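First chain A sits with chain B, and in the next complex the same chain sits with chain C.
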Partner chain A sequence: MLNVAGDLSGDSWGIFTFLCAALCNLPALPALNCTEELGAGQSIQKTYDLTRYLEHQLRTLAGTYLNYLGPPFNEPDFNPPRLARAERVPSATVDLDLWRGLTDNARLAANYRAYSRLLCYLRALEGPAGTAELRHRLGHFCSSLQGLVLSIAGVMSSLGYPLPVGGPSAPPGTPVPSNDFLKKMEDFWLLKELQTWLWRSAKDFNRLKKKVPPAVVTLRLEARGF
Partner chain B sequence: MRWSVRRQLPAGKQPSALLVPSLGKGEGFLEAGGLRSRPGAKMANPVPSACCVVLAAVVVVYAQRHSQQESHIQYERVGADVTMKCGSMDWDAAVTWMANGTDIDASHLNGSYLILKNVNLTQSGQYSCYEGSSWHLKYQTHLRVGTPPKEPLLMCRSNNYPKGFYCSWHLPTPTYIPNSFNISVIHGTREMVCEKDVFPKNRCHIRYLQLFSTVKYKVTLTVTNALGKNSTTATFDEFAIVKPDPPESVVAKPVPNNPRRLEVSWQNPSSWPDPESFPLKFFLRYRPLILDQWQHVELSDGTSHTITDAYAGKEYIIQVAAKDNDIGTWSDWSVAVHATPWTEEPKHLTTEAQVTETTSASTSSFMPPPTTKICDKGAVVGSGAVAVCWTAGLVLAAYGVLFI
Partner chain C sequence: MYNYTHYPAVISPQDPTLLIGSSLVATCTLSPDAHLRAEDLYWTLNGRRLPAASYAALGPTTLSVALARLNGSKQQSGDNLVCHSRDGGILAGSCLYVGLPPEKPVNITCWSKNMKDLTCKWAPGTEGETFLHTNYTLKYKLRWYGRDNTCQEYHTAGPYSCHIPKDLALFTPYEIWVEASNRLGVAVSDVVMLDILDVVTTDPPSDVHVSRVGDLEDQLSVRWSSPPALKDFLFQAKYQIQYRVEDSSEWKVVDDVGNQTSCRLAGLRPGTVYFVQVRCNPFGIYGSKKAGIWSDWSNPTAASTPRSERAAGGCDPKGGEQNTTLRRELKQFFGWVKKHAYGCSNLGIKLYDQWRVWLQKSHKTRNQVGKEPFTLLFPGSGGDAG
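Let's turn to the complex of A and B:
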C-alpha cells in the first residue's frame, strides 16, 4: 500500500507527484485507503504545511502567469470590480462568526470542495498557457494542489467524515466568457480565489489543529468508489 | 409707568421679552424697580421728557455698538498680498489701523485700505481699523496666514486581526490654520464607515464584516482647509496590513546555577483578540550590551524561551517581536529588558569536579573584564589564564575517559 505517513521531506513531494499521476486518470477523486495508523493531528499538520508550501509556490506562479496575461493584470494596483456572474469557485470570503462556528466537518468539506474545483479550472489553464516554462510550472503546481486535495481527504477519512459528493465539474449555466479580455479577467479572479483560499486554509487548519488532539490515533480503512 | 427697550434679535426668532416704551397705556409689564402706574393716572410733566432723554441715550449706545462689524477670521496664503478694507468706510476716509494693539504706519496704507504684501506667518493676528477722529472701531478681523494642505500621509494597519483595522494620518508639513479631515473606505461596491477615535484624534477604526476577502479595501483621505484641499488613497488586501502590537510584559531572569542561561518570557499583545485561532509566532533578539551584533531566534509557539549561550557575567539586552503565523508583517520590537546571567558568589571557588560543561571554547573575540579571574564553566577569561583552563579541562576529560 502506499505509505503516505512519514516526515514531510523532499521525498514526500515525489510520492505525491506519483500519486497525482496515477490518480489523474480516475473519474472521481478517491478516498485514501490507509493501512498505516495515521494520527489525525499529524495529518492536519501536514495539510497545514502543504497549504503554506502551495502559497509560497503560488506567489511565483501568479507573478509569471499575470505577466503572461499582460497589463493591466500584472499591475500591483489593479483592483477591478467583481463582475456579477455565477461563481465558478466557492468563495473563501465568509462572515467572521459563521467561520468561527463552522464544525470540523463543514470546515474540511468547504476546503475540499474549493480545492477540487480550483484544481479543475487550473488544469484547464495548462493547455492554452503561453510558454513551455509556464505550462511546466502550472503542471507542477497542479500536482501539488492534487496532493493537497488528497491530504484533506485523508484528514476527513481519519476523522470519520464522509467526502463531499459531486465531481469537480462546472456548475450548469456558467456563462462562457465572450471575449479575450473577459477570459483573462476570469483567470485573474481564479488566481485571486486560489490565493485567498490558501491563506484561509492556513487559518482553518490552525483551528483544526487546536481542536483535534495530536495524540488521537485512528485506524480507518475505507474502500470507496472502486 | 411701564418701561421697555426694544432689542434687535436675529431674523426668525421670536422675542422672548419685549419691552416697549409706553406711556401708561396698552400692555406692558413690570420692570425691576417696581413701578406701577394706576390705570388711567395722569403723568406729571417732567417725567415724559426724562423718558425721552433716557430713550435717546439708549438708542445712541445701541447704534454705536451696532455699527461695529462682527469680528471675523480671514485666511490668507503665505506670500500672498492682502488688502483689508475698513468695513464700509470710503477709500478716502481717515482711518488708523492697528495690528495686535500696535499702530501700523501709513506706508502700508492705500487710502483707508491696508495693504500687506508677501505676508508671512508672523503677520498673523488681530487687525483693527479705527475711524480717524472719533476713534470708533470700524472693522476688526483676525488674519491667519497659512498654506493649503500638502498630500497627507495615511497609514492603515490591523493590530487586532480578525476584528478590523485602523487608519491614522497626519500632514507632512503644518498648515498653521485649522484643517478638517474626511475619510472614506470602499470595499468592492460597499462603502464602509470608519469610526473616528476620540484619542488619538487623527485616527479611525473599522470592523471587518467578512473575513478572507478577495476584494481590496480602498481608503481615501481628504484634508481641507480654507486655502485648499488635498487627498491620498491607500489600496490594500485584508491580509497585507496585519501587524500586531509588540509582545508585552517581557521578563528576562537568570537561571540559578547556570551562568550561561537566561530565561525570557513574555505575553501576547493585549490588542490581539484571538491568539487561539490566530496564533502568533515570535522573534527574539539578544546581545550583550558591549557588542553590536544581535543573535536571533524564531519561535513558532510558546511565550517563553531559554537562552543557553549567554556569555557569563555579561549584561544582556533582549527584545521580542510578534507576527501572525501566516500573514502580515512583524511587529515593532518590544520594550528592551536587561538581564545578567547568574554568576557564582566570588568567595566560592569552583572546583574542577563541579565543572560539567568543559566547552568553554566560546565564539567570543572580545576582551573580558579584568575582574573575572576564576576559570569556572563557560567563563571567558584573560589570555593568561586560558592555558590553565585548557589544561584543567584536558585533565578532567582524561579522568572522565578513564573512569567511565
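Let's turn to the complex of A and C:
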C-alpha cells in the first residue's frame, strides 16, 4: 500500500519511519479488540497532529523559498493577481457553508485529492530550487506531506470510505506557466494555498475527531494507560 | 485581489540572460482591453520603484524602462522586473538573469574507499560567485576505452563533490574532469588522470585499546586491529598515532609506528588522562610501492597514567597521629559547647553532629588554601613531559 516515489534524504526517512510506525501501531494495542472505529479514532488524531506539524514546517519552508524567489515575493503584503479561470493549484478558498454541508466522505476525498496534487507541484520545485539547504527542506516537507496523504487514506479506509480514483492531475485545459515570472507567481500561490488547506484541514480533523463515538475515546485512553 | 481573464500586459524581453555590467531596455505593452495607458504605469526591480526619469512612452500602450550597468542578480532565481498599474497592481513581470559565465573548476582530488568506489571533490573557479545557478557535472572515462560516463550522486562530501559507487576498474588509468555550466556558458576543468589503486584509503583501525603498562607512570600501551576491509589486499599498512592530554588541544603525533598493531607511548605525565587516536594508510597494495591516503582518525580512546604514591598531601594522617587528632577535636568540642549550649538538656549527640558539620565547613576552606603547593612538587609538570 505504501508507495514512495523519489529519493528520501536521511531526515525524511526519519519522519517517514515515524509515520509508518504511527500508522502501523494500531494492531499493537494490547488485549483489546481492534474494531474499525478504534482504528479510525487513532488515525484521525494522528492525521490532525500531522496537519499541525506540517503547518509549522511550512512557515519555515515558505520563508526560505520566498526569499529565494526574491522581492516582492517575500514582502509581507504581497498579493499578486491570479487568472480567474481554472488554476493548476487547487484553491483552498471555498464557501464555508458549502464546505461544512459536505459529507465527511466528500470532505475527506477533497482533502485527499488536494494534497495529492499539491504534493506533485511541490516535488516539481525540488529540481531547480537554489541552495542545497532549500532542496533539503523541500525534500523533508514533501516526505511529511506524503505521510499526510497516506494518513488521510488510512482514515478514509478505517471509516469504510472508498479512496478517490484517478491520478492527482490538474483539470484538463489549465495553463502551464509560460514564463519564469508566471512560474514564480504560481509557486507563491502554491505555498499560500497549501497554508490555507492545512489550516482548514486541522479544523476538519478536529471536528471529525469529536464525531467518533465516545466509547471509542474511553478505549483509547485505556490503551494509552498501558 | 486581482483576477484577470487573461494577462493584461506583456514584457519584452521575457526572462533574458545578461552579462554583468550590460544595459537593458525593457518594454511593457498593455493588451487592448486593459483600459490603461502608458502614463498609468510604473516599474519596479526587486520590489524597488525605478525612477520615472528612466521611463519612455513608446506609444499609447507601451512604456519602456532603461537599465544601465546591471549588477549581478540579487537571487539566483532571477531579478524581478515588474510592470505595475498606478494603484500598484501587477500587470506583468520578467526575470532578469545577470551574472558571469562559469570559471574552470579546479583542484580535483579523488579517493577510493577500499577500492570499491570513487569520491571526487573540486573547487569552483577563482571567481566563485557567478550570480547564476551553476551546474557541475563530473565525468570520467577509462583512458583506453573512450566512453564518457557521468557521475550521478552529488554532494556526498560537501557541495562540490560526487560519488561513483561501482563498476570501477583497477590497474588501469581513468580520466576525470568536471564541467561547470550556467546560462552564460560552460567551462571544463583540466583532466585528471589516476588509477584507483593510487588513491586508496580505508576505514580507521578498529578495536583501539589503550591501557597502562603495569605500574609505570609515564607509559601507556596502545593496541588496535587492522581495518577488516583490506584484509585480503593488504600486505602492509602504515599507522600513525596521535595523543593529547585531556585539557589540551595540542596533539602529539607518533609517526614511526610502521605496520605493527601495537605501540607503547613513553615519556608521559603521571596521573594524567590522555586521549589517543590511530589512523591507517594502506601501503603496498598488490605490491605497489606507493602509499595510499590516510584514513580518518579512530574515535578517541581515553586512559590515564598511574599516579605515583610518593605524593604527599591532602591525605588523612595515619596511625598514632589519629589519637592526637581526636583528643584535640574533643577539646575543641567542649570549648564550643560551653559557648553555645544553654543548660544541660541541650547536650547530646545531635549537638555533637552539628558541631561536626560546622567543623567540616571550616576544614574545606582551610584545605583549599593548602592544596596548591602540592602541584609544584611534580617535576616537569609545566607540560613538556608529553
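The working rule: the second predicted complex is superposed on the first by the 174 of 226 C-alpha atoms of A that agree within 3 Å, B and C clash if a C-alpha of one lies under 4 Å from a C-alpha of the other, contacts with A are read in each partner's own complex, and residues count from 1 in each chain.
Everything below uses one rule, namely that a residue touches a chain if its C-beta (ideal position, glycine included) is under 8 Å from a C-beta of that chain, and two chains touch if they have at least 3 such contacts.
These numbers were taken from a predicted model, which means no experiment stands behind them.
Of the two partner chains placed by superposition, only chain C is touched by A:Tyr68; chain B is not.
Of the two partner chains, chain C is the only one that A:Lys184 touches; chain B does not reach it. Of the two partner chains placed around the shared chain by superposition, neither chain B nor chain C is touched by A:Arg59. In the superposition on chain A, A:Ala132 makes contact with chain C only, while chain B stays out of contact range. In the superposed pair of complexes, A:Pro81 makes contact with chain B and with chain C alike.
In the superposition on the C-alpha atoms of chain A, the part of chain A touched by chain B in one complex and by chain C in the other spans residues 79, 81-82. Those residues of chain A that touch chain C in the shared complex are 67-73, 75, 79-85, 128, 130, 132, 179-182, 184-185. Contact residues of chain B toward chain A in the complex are 162, 188-189, 208-216, 218, 235, 239, 276-279, 325-327. Across the complex, chain A is touched by residues 1-7, 11, 14-15, 44, 46-48, 74-80, 82, 89-90, 92-95, 133, 155, 159 of chain C.
Contact residues on chain A toward chain B in their complex (touch as defined above): 52, 55, 77, 79, 81-82, 91-96, 99-100, 189, 192-193, 195-197, 199-200, 202-203, 206-207, 210.
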